[in-house]
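When the chains are written out, they are named A, B, C, D and E in that same order, and each has its own residue count from 1.
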Amino acid sequence: MDLKILITWLIPLFPLAGWFLWGIFGKYFKGLSGYIASGFVAASFILSVILFFIVAYSHGFTDTLYPWVYAGIFKAGVSADIDRLSVIMLVMVTGISTLVHVYSIGYMKGDKGFSRYFSFLNLFVFSMIMLVISNNLLLLYVFWEAVGFCSYILIGFWYERKSASDAGKKAFIVNRIGDFGFAVGIFLLFVTTKTLNYETVFAAIPSVPAYTTTIIALLLFAGAVGKSAQFPLYIWLPDAMEGPTPVSALIHAATMVTAGVYMIARFHVIFSYSPAASEVVLIIGTFTAFFAAFIALTQFDIKRIIAYSTISQLGYMFMAVGIGSYTAGIFHLISHAVFKGLLFLTAGSVMHGLSGELDLRKMGGLYSKMKTTAVTFIVGGLALSGIPPFSGFFSKDAVLADIYNKGFYFAWIIGEITALMTAFYIFRLIFLAFFGEPKPDQNKHAHESPQIMTIPMIILAVFAVIIGFLGIPPFNDSLFYNFLHTDFKNAYNFAPFVNNTPWYILSLISVFAGLLGIYAAYLLYIKKAFDPERIKSIFKPVYVLSYNKVYIDEIYNFLIVKPLLVFFDFLWKVIDVKVIDGAVNGIALAFAGFSAKARRIQNGMLMSYILTLSIGAAALLLYYFIR
Amino acid sequence: MDFFIKYLLSILIFFPVVSIFLLLPVNKKNEGILRNFSTFLSLVEFIFSLYLFIYFKQNTYKFQFVEKFNWIPSFGASYFLGIDGVSLFLILLTTLLTFISLLSSYRYIKEHVKEFVILMLLLETFMIGTFAALDVLLFYLFWEFMLIPMYFIIGMWGTGKRIYSAVKFVLYTLSGSLIMLFGLIYIFIMHYDQTGDFTFNILRLYNTHISNGFQLILFIALFLGFAIKIPLFPFHTWLPDAHTEAPTAGSVILAGVLLKFGVYGFFRFAIPLLPSAAFALSPFVIILGVIGILYGAFVSIVQKDLKRLVAFSSVSHMGFIMLGLFAMSAISVDGSILQLLNHGITTGALFLFVGMLYERMHTRQIKDFGGIAKKAPILTTFFMISVLASVGLPGLNGFIGEFLILIGSFHSYPVLTIIATSGIIFAAVYLLWMFQRVMFQDITNPAAESFEDMNLREIITILPLVALMFLIGFYPMPFLERIDPTVLHFLSMINHHHKAVYNAIKLKAGLSNA
Amino acid sequence: MHNMPSIYGINFLEKSMLSIIPETVIIIFAFMVLFLTFFEKLAKRKNSYYLSLIGICFSILYVLMLSGSNIYGFYGSVVFNSFDVFLFIAILFSGMFTVLMSKDYMENSEMPVPEYYSLILFGLSAMMFLVSSNNLIMVFLSIEFMSICAYILTGYIKGNTRSTEAALKYFILGAFASAFLLFGAVFIYASTGHLNLYAIHSFLQNISYADSISRSGGMGIKVYISVGLILFLVGLAFKMSLFPFHSWTPDAYDGAPTPITNFMATGIKIAAFAVFLRIYSLIYNFNIMNFNDILWLLAVFSMTFGNIAALLSSNIKRLLAYSSIAQAGYILVGIIGGGFYGYSGTLFYLFSYIFMTAGAFAVVVIFESSDIISLDIKRYSGIGYKYPFIAASMAFFLLSFAGIPLTSGFMGKFYVFSSAVKSGYNWLVVIALLNSAFAAFYYIKIIVKMYMPDEEPVSIIRGAIDDGLMITIIICLILTLLMGVYPQIFINFANNSADSLWRI
Amino acid sequence: MEALFYVFSFIAIFSALMVVTMRNPLTSALYLVLCFFALAGFYVILDMQFLAAMQILVYAGAIMVLVVLVIMLLNISRIKNIKSDLHQKIIGVLISLILFAEIVLYIINGAQKRPSGIFTHALIKRIGNTQVIGEFLFTGYILPFEIASILLFVAIIGAYLFAKKKF
Amino acid sequence: MDNYLIVASMIFCIGALGVIIRKNLIVIFMSLELMFNAANLGFVAASNRLNLISGDIFVIFVIVVAAAEAAIALGIAIAFYREKGTVDIDMANELKN
């Protein structure tokens, strides 16, 4: 076998083996399983890097491991499509996974589900790798759901907590709603093109009628909406913070939730041939970005703030892919993976230090107690706010600049406002948690996390600083753009550039917005120039709306969940038991009634028997007579 | 060995009967021997059945392991056995599930053990016979008598309203199958009138030309028999009762094998015999199937009894299978057949787990459980795998079947398929919710504190099923490549017949016009 | 008319005598049994029992010896052909089971024994005469003979008001129905001028031939004969216990000694169906009127009424009585179906019907004791575990009644129903099938009681089970199973006998 | 002959009606005897003097004496008190009328049947009706004759068994 | 022949009427005898008109059967009377349903 093919299949094999090992023999390994699991993922990472260079210096390839489902004309194999997009994703996924694995050894120490945790984490890595490298939609869908399952099981990792298992279930079901659309999209695609292989699908798409393409694209996008937590299916992601924090870092920030963006980038042919669908992507992305940031403004749970920020940032990515700037989207995906992973890990470190405390109101002045954590957190925060030279600056600017230059001004304005809000809420978090007076009761035991946790944080922080430079020179000349763009050359350019505003002007505006947000946070929470309570009361309706997450959960509950449950109960208790089964039992009862009547004929009276007999005889004669 | 392979089907059919005779001399009191010996014999049967798989020739739709002897020449009935890719797997499923359910009932069945094992083995004979029979009368013989052992199993070892359920089960299915018998007799007579060939050989009956109007009537007759067995939506009410009250082994067999007979009947009899009617009525059947999918799922969501929930989920799953079968594209029919196996495996496993929970807690109410995961990690793991397979999680068996069904049906019935697809959401809702309430959260019931994990016997019981879930999920080709030629032949056959009838009628109409 | 020399010819008489040898043997044995009363010592219960069994076996032997022959004896009074062979064997089996069942029953009662057995034997011979009769006089006489034996046997339990009441009801209704039959015979005779069935047959054939040519002749005769046939049918339907003429069935079955109930349910019913089949095949279907329409109604009503009335019965004998009304309906379906296939099916069903009914009644006898409560199906609670073999057999017979495969009941039903489908009586078959699905309920009710008891099992057997009963059950079981699994031999047998119906 | 027919018909029908309507069973029995005599008269008209004699001997002589004997045996005063219900009477009359109407309608619709046999009035006169019947009875109908004898025997056993007080 | 048959059927129907409306066992039995005799009349008339003998033979057997039935009937009547003290058929009401 060719070396690169061997490498390709070894990459998923390691985590798969890990899952299997820890799942079955976990209890014999105990603490060791964490190290070995990390080692497995690290091995995958190293192989991914090798593969990256192989692909970077040669070209992509596809390979089929074995035929999987062949039924009639339907053919799908377990096969990989290795191109630049997938190797970038591979390196990102395995890289961050490795770090999170290492981090988890410290974070999960002493948990009784230690090996179970690593088992499922490995399974997740495996599924994510397969999702990234798959070369047909069926395989993609399989691992699309598989990562959802891993997310489900890891969110509900502490299953004794009702909230945790509820959150897991919610994540799974909401994802399923999106997957429903995704599945229908696949069906339609298959019916239209008679194939699910990327190459053949893409070859067929240009000749497909536009409205069909649009429907397919929208349905596929529905899957992305679910997976990548976009409006209106984002509701599971904040709840998903019930899981262990490294899981949030890996799955709900860096990798799985970005699968939707990856998917649209992967199917750029379909989306670019349907401007309408792309517009929908843009609109949903823009709205989600703003909306999530708006909610994040007033939350007090640090993980939830970061979760809303993730939703918001995913909105940026969708804005990018929605206007056809796939490289910008992927670039933001990568940089976001790094800094958001970092933010979550540091948040986890904070929790670890505060023995699980999440409420911002009970924190303060942690900077002195946990310096590494604080510094890395601030790095992450700066990256998120888009302050140069951190990675967020480059990637977010690439997105916003493209939006502006392609003429989507309204989206651009929203994006900038969102950037402002982003900077505000993340620095509100930083200022409240790490600065100000320490809260006496909570911070007594506050301590820095062990090195096994801090080292991955530091590594990520370093990357958060340097990875942005892949975007140099900014705009469509960058290293990253040039590297990746070859993969998107099939795309139909439905949104050409209409402006040629220089990048530095746009960047300046962005940086200004970011700084303004930070300054506002500074004024409010460090300088205490304004009383936050007063602002609260001024904007009371807005504040309440934001604080209660726009009541979306309640609306869903009231409008959908409750009526449906009542309806289902009605179906069971009335339709099933009363109507259908009632009819069946009613027939039986009717027969019993007939039986009682029939037995009355047989009343034991001889004269009535004689009568029956003679009536019978007369009736037979009569029958012939009237015939 | 040659003899063994040549008469393998007969050996499979009659080996359980022989086993019964081996078991008869055993004293009633010797429950241990009875249990072990019967389980061993069913294992031997299963191993025998594996020979079918080994010696099965793949790339052909032709019937294999054919045996044909005169039986009742006066009716044109013969002892005619043979299997194709579809019945092959259903027979394997039968032998496997019989073994598993015998193994699973060591703890559940406490009294009348001898009667129980004898009835189970008897049931096995009839189930295999039904799948192997290629003669309509022989088929019907096996099909109908099957009710009786099942009836005893539900009625004698069941719980709660067992007698009501057992009687309902028998009467419901009996009425359907008697109407079906009418249809079969009618076709038989019609074939005789046309060709003068007095035969119940299904392969020859396929050539009967029946006008469209008659086809519709006959199809409805056959439909009733098969649809009740499946059970399709408005005919399903026997199922929750029977499943709920039956002992674990009974539920496993009922869900795992008996429900398959309806679909098998459609596949082998109703559709090929009456292709035009099947084409004409397929939208209605599919609508019923789709209603069943949603209805079963909806009602499952609000169930309070574990077994009843699983039972209603069967209604939902069988709806998918009907959708696939009647969409009549190669992909969807392949999927349906595969899904038959999957449903047998997963639902069988689910019932086993419900049985294990019941054995330990003596309740089936969902609210009485909670936090079991803490006490029984192995059980939780396997249970979860089964639940996920039932949900249709990719990588497990349920997904492949459902996906093939849906993708195959989409072409002809896009709207209905979309509605059906939404069933996968609700499957996740009711199963995961159930799983959460039973296994997760904190322990509320003090009885759960002493919950034991699975023992070795139970693990052995479950392991083959879980292994199959993964095998079909990851590598379904050994199954699909055997099913596919049969299905393709099935489709070409009904298309051919359909066209022939259509042309004949057109010809007639043309002549009458002229 | 008759040619005198040939009448007195020796050959003729010899042949004629051959045709009634089986009956004669039975009658001789009946007299022998009866003479046992004269000798105190010999009148012991067992002697008459064994003697009657020997007589029946001899008779069977003779039937088998004569099986190939086709004799037209006593100036056309009787015929002996394969049809008779089949039904003789069926009837003799029924008699044998009755005798076998009786031993245990009689030992526990104070009734005179030899008379009892001799009456059974007389009844048997009457049934056989009825089957072989080929003359309206013979038909009437044998029916009356058979009925009189049955009346006496029904009221045999002295001092039991139920038994006397049953005899009374049976007698009055029976005589009433016989009067109709007789009056019907008047019209048949008046219109055709013949009493011999074959002669009537050929007469009608000529009429319908003439009818087909001229379209005018014979109309009046048709009117005449149809009123005769309808009245005749009333009398026969009474014996077959079809719906409006069924009313004696439950009461007589209930009150009679159980072995005699079996005798009535199997022997009389079969003999009645046999003669109906013969008359029907010879006379009824000459387009005189569409008698199938009438039979159709009778069949549907019988099935439905029998099943519905049986639904709530708690007395097992009454339940079986109602079920036998329903079964008569099913059998009639075969006759309606008609043709070779239908008649053969009817015969097959009749044959299988004996074994399931006799088996079921044998089980009833086992569990019966002097009090009437012993007939309540509640008493069958839990016998499945106490007496596994008997209960399993009972369950099997009940399943056979219900028409579940593997039993003769299924094959019989299948046979008659398919013949009806063949003749185009689709709705009839659908109704019959629905009926049998519905009927399964009350059969299953008994099985539920046996195997899934609510209360503790009631032990009711008075001691060791009698050998005769066990033999009956085993024979019935084997034959019910055999006819359910491999019916071909019996079908051939039935085919032969149905075939001989046409060979005039 | 015609006149005789009507006379006998009248007597037969009238006495038959009396049989079913009289309260006292003894009276009914006597009317029944009268009816039998009328029927015997019919048989004489119809050339069957032998049958007429049989009718009177067997029916009026044997059977009716038996009936009367039984009536005497039973408590006559209690028997007389058995009343029938009115609605039963109405239904009975209705049904009998319908039955009668139907049968008569059939008879009227049916055409006159031409003679098919050889035993004309003259022939029977020549041979003698007793001889004709005897010849037939002992040739063509010998088997029924024998069976009838056994039947009577069985009936005697039956009557004996029923009437016996105790075994 | 028609006239005879009409008379016969009239007697037959009167007999049937008697069976239906009377509750006295003895009278019912007498009514049955009437019905049988009606048939006899029919047979004799028919065989006379058709110039046949077989109908007359039938009559002889009917008479025999009637005698036998009379014996049985009276036996049953006596047995019934002994048990119930009456011959009212309404008292025969133990067997029902």
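Keep this in mind: a contact is a pair of C-beta atoms (placed from the backbone, for glycine too) under 8 Å apart; a residue touches a chain by one contact, two chains touch by 3 or more.
The model shown is predicted, which means the values in this text are computed figures rather than measured ones.
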**Report entry** Any chain in contact with chain A as well as chain D
**Finding:** C, E
Report task. Counting C-beta pairs in contact, pick out the pair of chains that comes out on top. Result -> D-E
Report summary line: Top of the farthest list for chain A, CA-centroid basis, is D
Query raised in the report: Centre to centre, by mean C-alpha position, how many angstrom separate chain A and chain C?
Result: 79
Query raised in the report: What whole-Å value do you get for the distance between chain C and chain E if each is reduced to the mean of its CA atoms?
Result: 25
Report summary line: So, in whole Å, the Cα centroid of chain D is separated from that of chain E by 7
**Report entry** chain A and chain E: spacing of chain centres that average the CA atoms, whole Å
**Finding:** 96
Report task. Identify all positions of chain D at which a residue touches two or more other chains, and write them in rising order. Result -> 88, 91-92, 95-96, 99, 102-103, 106-107, 110, 112-113, 116-118, 140-141, 144, 148, 151, 154-155, 158, 161-162
Query - Set of chain A residues in contact with two or more other chains - result: 599, 602, 604, 606-607, 610-611, 614-615, 617, 621
Requested in this report: Return the residues of chain B touching two or more other chains; collapse runs of consecutive numbers into ranges.
Outcome: none
Query raised in the report: For this entry, which pairs of chains touch?
Result: A-B, A-C, A-D, A-E, B-C, C-D, C-E, D-E
Query raised in the report: Once bound in the complex, which stretches of chain A touch chain C?
Result: 588, 591-592, 594-596, 598-599, 601-602, 604, 606, 608-610, 612-617, 619-621, 623-624, 627
**Report entry** Interface residues, chain D side, partner chain A - complex
**Finding:** 88, 91-92, 95-96, 98-99, 102-103, 105-106
Requested in this report: Would you tell me which residues of chain A are touching chain D in their complex?
Outcome: 607, 611, 614-615, 617-618, 621-622, 625
Query raised in the report: Which residues of chain C touch chain A in the complex?
Result: 168-169, 172-173, 176-177, 180, 226-227, 230-231, 233-234, 238, 243-245, 247-248, 250-251, 289, 293-294, 297, 305, 308-313, 438, 441
Query raised in the report: Any idea which chain B residues touch chain A in the complex?
Result: 168, 172, 234, 236-238, 295, 298-299, 301-303, 329-331, 334-335, 338, 371, 373-374, 377, 381, 388, 393-395, 399-400, 403-404, 406-408, 410-411, 414, 417-418, 421-422, 424-425, 428-429, 432-433, 436, 439-442, 474-477, 480-481, 483-484, 487-488
